[in-house]
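All chains are identified by letter, namely A, B and C, in their written order; residue positions are counted from 1 within each chain.
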Amino acid sequence: MAFVTLDGITKVYENSREPAVKDISFEVRDGEFMVLLGPSGCGKSTVLRMIAGLETISGGDLRIDGERMNSVPAKDRDIAMVFQSYALYPHMKVRDNLAFGLRRRGISRSDINRRIEQVAESLGLTPYLDRKPHALSGGQRQRVAVGRAIVRDPKVFLFDEPLSNLDASLRVSTRNELVNLHNRLGATTIYVTHDQVEAMTMGTRICIINDGKLVQIGPPMEVYRKPVNTFVAGFLGSPPMNLIEAELKSGADGAFKLDIGTQCIELPEAWISYLQGKSGKIIFGIRPEDIFLSGQDMKRGANAAVTMTVTAVEALGAETIIIFELEGVDTKVFVKADRYTRANIGDTMPLSIDMGVARLFDPVTTKVISNNTQLSG
Amino acid sequence: MNKQKDLSQPLGAIVTFLVPALTIYVAFTAYPVVRTIYNSFHEVLPGHPNEFLGLQNYVTLYNDKYFWGSVKNTLTWALTAPFFEQFFAILLALALYARIPGARFFRIVWFTPVLMSFVVVGIIWMWIFNYDWGALNVILRAIGLENLAMSWLGDPSIALPALILVTTWMWTGFNMVVLLAALHSLPSEVLEASELDNCNWPKKLWFVIIPMIRPTILNLIVLSFVGKMKIFDLVWIMTKGGPLWSTETVSTYVYKRAFEWNSFDLGYPCSIASVWFVIVLAGVLLLTFIFRQRDKLEY
Amino acid sequence: MASFSRSWKHVLLIFVLTIYTAYTAGPLFWVALMSLRTTTEIAHNPYALPETLHLWKFSEAWVNSNYSVYFANSVKVVLSAVAIITLVGGMAAHCFARYRFPLRKVLYFTIFSTIIFPPQITIIALFQILVEYGLYNSLVGLMLSYVAFQLPITVYILESFFARIPADLYDAARMDGYSEWQIFWKVSMPVALPALSTTIILNTILLWNEFLYAVVLITDESKRTLPLGIQKFMGDQLEDIGMISTGLMIAIIPVVIIYVFFSERLIQGMTAGAIK
């Protein structure tokens, strides 16, 4: 099969001076499902289009199976792409849409037909083969777009937000279908999305891009649990990681303390090595599900106690989000509590924080300081 | 240095796609325009080298009373006909908009004249205007208005209005169809709301409907203006500019000076064409500008 | 009472509209009737219905008055001009809509602004140029002039349509392995079929009816197009109302036939340039 290597890939669009993609390097391994995740306009599509050969590469090297592809035209890269708008040929029947890419490749007519039948069968498109795209539902069109990619049996699949035009429930089922498909075909896949649920559930690895730069790459849970900077911390999760401004102080005994507003918590001993010589302003990051109301489930040992005041309660059914205020702190603190929680606005209550999974970030560089290794998945 | 070719700008393909159109454009439009302007400063006689005259053609033109007569006629045409067409077209469009039975049929029939060649239309209307047996006079005599019957194309003071009537006949249906489409594209609540407001029809027309389809109307007026500024065929068929130059348009005058009169000089007609070219462009720009300004003031 | 005055207004309105319909269609109907009558009959009473249908007049015009030649010339010139305009204009429009290249805006605006040029600005020089190239008084010369004449409006209409085709479609075709030229043929043109038919109709009707270029660029009787042939015929046989009518009908009938079958498309095509 195939592996794709990006080595310092940069893109500067002709009419703009700022590069849209800056020095991105990563490798997509054979059979991997790599998700490119990032906010709108960060350059995901640009990266994908450069891999596809639809956009020139301004700098760096693109290799597929070790072979440099920068100046190989799109059609010779053996890559198939599924577009956000599906880009089905409106004047052709589904059958011809599927066949269009094969006809250029010197494949015999009977072979083409066999492949089309096979792919249509596997995607449940057989009844629609003789319809034109305008007579299909959104979900069916999406499947034709996927079918058009599969039927070519390419080395690499590229998807550019293929689910964003579907309604919520269809998106979930199609997501599963695509994962199953990937498991079945085992093809190297690069998948662009700005939907973090898609990223978390589908990807073998996630590659987070912001403002044209690669921020973090790794398996979904690792990226989720160990964000390398405040951007990733604030981008993933809903609600995302709480980022609370705090003050780092080293105590007399060499231990570190954190002033959060008017309260003070102790930092675990294990962190001392990272924090040597540091003090002053810092950002304290903690995920909403790692703060616990008293009496609610808590598995880990190291924890810190704080007192906060309820400012809002969002009962979502499966869980309840409670939004707290911390005295002396501007940012609100989100806490995921279980669905039976009762809380009233104005209540002040004690909470405990699982310090084992907390993160500290440098407020200037936004990078993580506590490279906490004792974390378990 | 390996400079990559830009994938979104395959230069070879761009050139291939453009060359045929540009070649035709340059050979049969741009070059003739330039040559016409060049000619306008020369005396261009067949079999002679062109003789440079400087501005002499333009001086002659300035003193050419036939030219100015044709300008007056053409401008009269171009500045009145569009408004007649719009007036009737709006009324007819509103009638069809009000869900008259048979609206589709009316629309299709009213559109027909514009599909006809000016040659066809011109000949038919010559007959309609015929003094002895033309339909117009026959009808006038039949309803007792015998003294109004006249030689429509033979009377210098009537011939031009008669021709303007023909273009109005021809183009009203066209304008009506466009306006009707514009009306149908309006949100239907607006017209119904004004229905409830109980204001009377002319008011509603003037204050509600016309402002809303105003861009379409202005567009049609410019289009009609340009059409009339170019008009040739109809005049050539019906009156050849007569009687007594009363229907001479700039186009027919250019044609006569170039191909009919035995002066054989192509330089002078080219100077007329050049001046007219500038006037038409200026007219279109001016109209667009005026309409834009008013739009700005009102919104 | 109210409903009475309402329906009364309705009747009046329909009456007025019927009169207007008679006014627009009447003249054409009248010519259709006269085309089937002889000049003697017409002289007797111009507004009578035909007593016997003198269909022979059509074969008479067709054979003896050279209308078959005019008709064939018109068909040749119009069809080939429209084919070339559609192809060349489609290519240019595709190019303007799809690629970004230096001078794109300038070139497009230059071609576009030609739409309002009065034909006089080119026609005299065109006459000279065609004489120099040996294309004067030839159908090819006339046809090429027609192509140039209708090119700007065609490019304008098609460009605005091509510009609405999503770019992804082209990218998909590129990934599918098609060259720019194949994409033009297999994607752009088929997808733009509605716009193409609009321009084809518009150009066909306008060129079928064209007179100025024909009268300037053609002199031979054997090369006349229909409008020119009719005009010359009328010049020679001014009094022969019956035969002139038959000639007019020969020019009108093809248009009417197209109109009967494709009235909506035709209306759409003719008004395409007027609607922004």
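Here is the rule we go by: contacts are C-beta pairs under 8 Å (C-beta built on N, C-alpha and C of every residue); 3 or more make two chains touch, one makes a residue touch a chain.
Everything quoted here is computed from the prediction, not taken from an experiment.
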Chain centroid nearest the full-protein CA centroid: C
Label of the chain whose CA centroid is most distant from the centroid of subunit C: A
Where subunit A and subunit B are represented by their mean Cα positions, the distance between them in whole Å: 61
Approximate Å spacing (C-alpha centroids) for the pair subunit B, subunit C: 16
Computed distance of Cα centres, subunit C from subunit A, in Å: 58
Where subunit A touches two or more other chains, by residue: 14, 53-54, 74
Sites on subunit B at which at least two other chains make contact: 8
Residues of subunit C engaged with two or more neighbouring chains: 100
Touch list for subunit A against partner subunit C, complex: 14, 49, 52-54, 74-75, 79-81, 83-87, 89-92, 100-101, 104-105, 148, 152
Complex contact set, residues of subunit C against subunit B: 13-14, 16-17, 20-21, 23-28, 30-31, 46-47, 87-89, 91-92, 94-95, 99-101, 107, 110-111, 114, 116-129, 144-145, 147-149, 151, 155, 179-181, 184, 205, 208-212, 215-216, 226-228, 230-231, 234, 241, 244, 248, 251-252, 255-256, 259, 263, 266-267, 270-271, 273-276
Subunit B - residues contacting subunit C, complex: 8-11, 13-14, 16-18, 20-22, 24-25, 27-36, 39, 44, 92, 95, 98, 100-102, 106-120, 123-125, 127-128, 133, 135, 138, 169, 172-174, 177-178, 181-182, 215-216, 219-220, 223, 226, 229-230, 232-233, 236-237, 250-251, 254-255, 258-259, 266, 269-270, 272-274, 276-277, 280-281, 284
List of subunit C residues in touch with subunit A within their complex: 100, 166, 168-169, 171-178, 186-187, 190-191, 193
